[in-house]
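See structure below.
By written order: A, B, C and D. Residues from 1 in each chain.
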Amino acid sequence: MNILEKYKTVRSRSEYICAPLKTEDYVVQPVVDVSPPKWHLGHTTWFFETFILMPNAPGYTEFDPQYNFVFNSYYESVGARVIRTDRGNLSRPSVEEVMKYRRHVDTAMEKFLSSPMEEDLEALMILGLNHEEQHQELLYTDIKYILGHNPLMPPYDPGRKSAVTAASKARWVSVPEGIYSIGHHGKGFCFDNELGRHQVYLAPYAISSAPVSNAEYLEFINAGGYTDFRYWHAEGWDWVKTNHITAPMYWYLIDDNWQQYTWSGLQPLEQDAPVCHVSYYEAAAYAAWKGLRLPTEFEWEAAADHFPWGQRWEWTESAYLPYPGFQKAPGAIGEYNGKFMVNQMVLRGGSEVTPPEHSRKTYRNFFHAPLRWQFTGIRLAKS
Amino acid sequence: MNILEKYKTVRSRSEYICAPLKTEDYVVQPVVDVSPPKWHLGHTTWFFETFILMPNAPGYTEFDPQYNFVFNSYYESVGARVIRTDRGNLSRPSVEEVMKYRRHVDTAMEKFLSSPMEEDLEALMILGLNHEEQHQELLYTDIKYILGHNPLMPPYDPGRKSAVTAASKARWVSVPEGIYSIGHHGKGFCFDNELGRHQVYLAPYAISSAPVSNAEYLEFINAGGYTDFRYWHAEGWDWVKTNHITAPMYWYLIDDNWQQYTWSGLQPLEQDAPVCHVSYYEAAAYAAWKGLRLPTEFEWEAAADHFPWGQRWEWTESAYLPYPGFQKAPGAIGEYNGKFMVNQMVLRGGSEVTPPEHSRKTYRNFFHAPLRWQFTGIRLAKS
Amino acid sequence: MNILEKYKTVRSRSEYICAPLKTEDYVVQPVVDVSPPKWHLGHTTWFFETFILMPNAPGYTEFDPQYNFVFNSYYESVGARVIRTDRGNLSRPSVEEVMKYRRHVDTAMEKFLSSPMEEDLEALMILGLNHEEQHQELLYTDIKYILGHNPLMPPYDPGRKSAVTAASKARWVSVPEGIYSIGHHGKGFCFDNELGRHQVYLAPYAISSAPVSNAEYLEFINAGGYTDFRYWHAEGWDWVKTNHITAPMYWYLIDDNWQQYTWSGLQPLEQDAPVCHVSYYEAAAYAAWKGLRLPTEFEWEAAADHFPWGQRWEWTESAYLPYPGFQKAPGAIGEYNGKFMVNQMVLRGGSEVTPPEHSRKTYRNFFHAPLRWQFTGIRLAKS
Amino acid sequence: MNILEKYKTVRSRSEYICAPLKTEDYVVQPVVDVSPPKWHLGHTTWFFETFILMPNAPGYTEFDPQYNFVFNSYYESVGARVIRTDRGNLSRPSVEEVMKYRRHVDTAMEKFLSSPMEEDLEALMILGLNHEEQHQELLYTDIKYILGHNPLMPPYDPGRKSAVTAASKARWVSVPEGIYSIGHHGKGFCFDNELGRHQVYLAPYAISSAPVSNAEYLEFINAGGYTDFRYWHAEGWDWVKTNHITAPMYWYLIDDNWQQYTWSGLQPLEQDAPVCHVSYYEAAAYAAWKGLRLPTEFEWEAAADHFPWGQRWEWTESAYLPYPGFQKAPGAIGEYNGKFMVNQMVLRGGSEVTPPEHSRKTYRNFFHAPLRWQFTGIRLAKS
């Protein structure tokens, strides 16, 4: 696929994801981590306008100079921004105006992409497309949050079945001691945080071939896992008590039956599906209760060819830190990843809502330990 | 006008107020005091469904039992409610569904109102209509807040002029010492907080025939009124410093010119218009700076036949407390006013967005001292 | 008593109140409303140093210029202050240093008071003495809070009995309709908020001759008063639920017996004593449950010669507002009362820890509606 | 030294550290991270009473059963505790009572330690002594905070000089690629988080022989380091702006001269001393500004024999995570370290207030990224 076709594909997929929404669903921000869908649609557009068209497309007319203020997310280099908690207060620009903005930028981009471009600029283009794909995953997770926390629990798509099949029977994959190479190599696209391929010594370990299932996680709940501090980090235990956590997000115990909010509304819990929407604290507590542990991101990557993955983002026991040779890119693009490298945990794998290009074995996803609105699950390891 | 016609008039006016909005504008709640317009439209409908149709209209089918949870505001007697700060997180029911809800209830109400009803029920009907009219004023003030705090500052109606004419030249209206009767009498509708007509002794006083103008208030600003603690209540001074208050709400100093957000967008400040969108703290500080004071609500009412009013709600120096003979009504209706009678200040008069029936001289409006998104102004008095 | 003797009497009483304390008890500030006892001792001394000695006593040497920063409470005219929530973080000046400060100022004051002074200055002296007496009441209430909220519940004075005798049998005192004069008159000292004696018209009413007793208040608790929203102001109900309030402050239900923290530690609840340590919300809810109401401050004052009072501060249904002729004094002294005249309720009477001079029938005490660490009780009225 | 002598030495050192304090200094808790000195003295005593005497010393009489509630810190296994933010509200037990508590426990311990004991118990004894030594460092840092944040800035010891000598001229220590062994080995005491000696592959790197000096850090300040977001983590930048950070803790720019609060009060900044009291955010921002980075904890340990250290705790780029073979001990002792292994950064080395036994090269100290009341500094590395 050439870059113009790739551009069209990515751009139309964002709008496809939003197609089942009502206009009102595009607007709200129920918690700070969730952004309004129309903000995602505007922000990804702003990226192309600001970093590609404005500096490189002669004669391009900015759609609206005020949009920089509205749709910048966190690029400190590029001017003031609407602070994150305020996004849900903005009724304007309307969805229709955001769609016009997309049309305006798409028209200019399609013209721009018809001519060849320099390598640097192409790299930036590819980053922009990967950026929009990241927001596509957020569109799914944020839409699920918006609908799933509405007291009416409307379905996203009444007929949609989960793409996730039953977890296979777990066995232990043994990995011998050795020095393993970690990080991206080869020609394909990767993010800066995957670069700096380097060697890591690993002691012998075993990693489960299958993620933890809902049925297995229910045993933890039924054994009193949420009421016994011994399995929890100190701040995990505070989180459980402060927020009255008793189960994964979207689980409801109704008349003694566990139900789960899904794309098609409230449904009985699927016992064999991999557990989903758990925090790092819950993943670590479950592992402690089993007398096991989570894998490090290095153990995960070294073994990833030996088990299936991609159904759930898998919490690792690794903090999100720079690889030894990590270098920030200069300018605004340099803000992409490095500045988040403190107080977050790495997740590996990918989920049912991850665009295919974002499910490579060197991909480093990262979130704060208490967050669980992403499609996050658990894989166990042992020394 | 009979009660059916009255019903139709009131109901259609709510929708007329919202006509210039885009769908997205119906959804957001930028601060806790402001409610989403679609919530106002649903809540006023819920009132008629819950208090009139459900108990009195045989065969009426409830539109959706979950709506009680969504549209109850604060009637503790009538079940759980969406807590106030969450209203802006609800994308559903959609505007279209709320409009269907209105149609459903209106159809049943119009049938119901075609037959004669008992006196008690008619009183409740009239309360319901007055209730919706109160929300009409809130619709205006909340819409102004939603649009006026959007960084794009969209107009509500580009061609709309303010209904407020220039303040006339102020003179002092002297009122002699005496015993005055305060509170509602006669046959027309009033709220329970106006009842218990009673006598109040007033020492001689004078009250200004005109509200304070923008030009006069600017003198206070230019004299450093917002930086001199001596004019302020202690908690007013904290409010000024914590919130960096330097002018009334919606005022902006742009290139040394004062501008004001209005129904038609940002406009130059009208010097002769009565000052608007000030808090009680600001009203009291302005009066202190002038060496004068605000009138009590009794002084205001006793003199109200001797000056024009109704352009701005006027802060008084009276706290919102029960009149001597105040009685709560039994049941949920009894929650209407009495439970708010602590820590609020009384406002008298009415504003450009007050429905005509809510501008009588015994009407007691009330808000917390720091609030100013209502159309609030200042009238001075002296002993 | 001449002013020098009066000075010595007042000053030594403050230290007498603190005599049973350990050094550590002088330091802590468990909640923002409570101040450390050593702060009271320093602040009252700072008043005399700042307002009497510094401007009027030639040759007086300031004890320590930094103390103005530490011991100023809220006089904005007199420089920066330690913000209120920080008082409990200050281990220095030590109690010993504060006592030296008192000695230093007392020596200078006693010399200064040996010579005659002008009338204005004498008025300021008398204000300073009344100011220290107000802080004596706060010393008692704050000490009770500090000890009574310590998990060890140490007694203040193991042998001390409460000074409060059993409430007498209540009867209704009827007061006829009429115009009554309210406010201070005559020659004795009063605060500025009592001045502006003025006429108030009162409809006929009755007021109870005795305060509500613990036994009567227990009936309210046992009848579910704290779990029925109908008796409460909306913000009172929020206060009950947010703070899990189920009884007056210092009441504990231990093994099904009500106990109360007192000056001599935990003791069985005295059934006949007047109820104490209730908030305005509780007082108003109790009255609503009885189908009665609280008196206004005017009704209280007009009837005060006809029943005993002074055991408990009595919440009234009056907000703390200026009397018609209220005038702020010029300068820092003008900050004494006027700036608090919003969002507080008036209490009348006096308590077992009120200095005798602060229990006159025109005295206007005031606190915020949720506060109850003062010795506050309830008297009922009806129209 | 036998264990009885060791016990006496450790216990008396805690009291020696507190000797210069006034009684009031023992009581306050200005921020949540700082504990009142008397709490440290009681808590370390509670450890010996609870874990050694109560289960092992027949006939031992508990000093006061309520002290478990007051002096437990975070051992969930051992009953309810005073929540951390409340410690500064407790005036009782008094310092004198805490000292009696220490005498009571010391007497019993000295008798108990005169007899031989089993190996398990001896291990627990040694843990208890190391625990008290950790609190000795906290005593120093908390005392410095309490006095250094008092507006009077009293010295801890007017004559005391800092023990820290000028930083030597820095040079780069080069370390070759290889597999290095990390973690404790040998017979001496260590904490559980140092165990699980394991191999780590390190790419070649260089580490500075000297910590960053005040003079060098001043260059960062003067170059605008605190106002340029590019050097900061996103949450570090929020921290700078929210807290108005412009220099290390205890630095004051007075009349254009930098001063520093020290043990002997406010003193001119020592240019050659290693910079102290910086957060992880500041350490990382300084390194980014220099185009360098912090060492990982593995790089630090592998090179620690090749440069002097121990003047400042040195922030590393490693998150505090379990070593591969980490095992929690069973019971309450198992809560010692493992439950904190999320969202903290590792520091290596030791400071002027670290007890000698706590300055070994495998020691893993850990704190949250924004904290800087410890004696924390910066050492640079590069790949």
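The criterion applied here is as follows: a contact is a pair of C-beta atoms (placed from the backbone, for glycine too) under 8 Å apart; a residue touches a chain by one contact, two chains touch by 3 or more.
Per UniProt, the chains are A, B, C, D = Ergothioneine biosynthesis protein EgtB.
Owing to the predicted nature of the structure, the values given are computational and were not obtained by experimental measurement.
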Check your understanding: Which chains are in contact with both subunit B and subunit C?
Key -> none
Exercise for review: Starting from the Cα centroid of subunit D, hunt down the chain whose centroid lies farthest away.
Suggested key: B
Practice item. Mind checking subunit A against subunit B and telling me if their interface is mostly the same residue numbers on each side, over half, or mostly different? Key: same
Revision key, fill the gap. When centres are defined as mean Cα positions, the distance from subunit A to subunit C in whole Å is 57
Study note, to complete from the structure: Whole-angstrom distance, CA centroid of subunit C to CA centroid of subunit D, is 45
Exercise for review: Could you list which residues of subunit C touch at least two other chains?
Suggested key: none
Review point. Residues of subunit D touching subunit C in their complex?
Key: 22-30, 38, 66, 69-70, 82, 86, 88-96, 146-147, 149-152, 154
Exercise for review: Note which residues of subunit D are touching subunit A in the complex, please.
Suggested key: 74, 76-77, 179, 198-201, 203, 205, 229-230, 232-237, 280-281, 284, 293, 317-319, 321-322, 324-325, 334, 339-343, 345, 369, 383
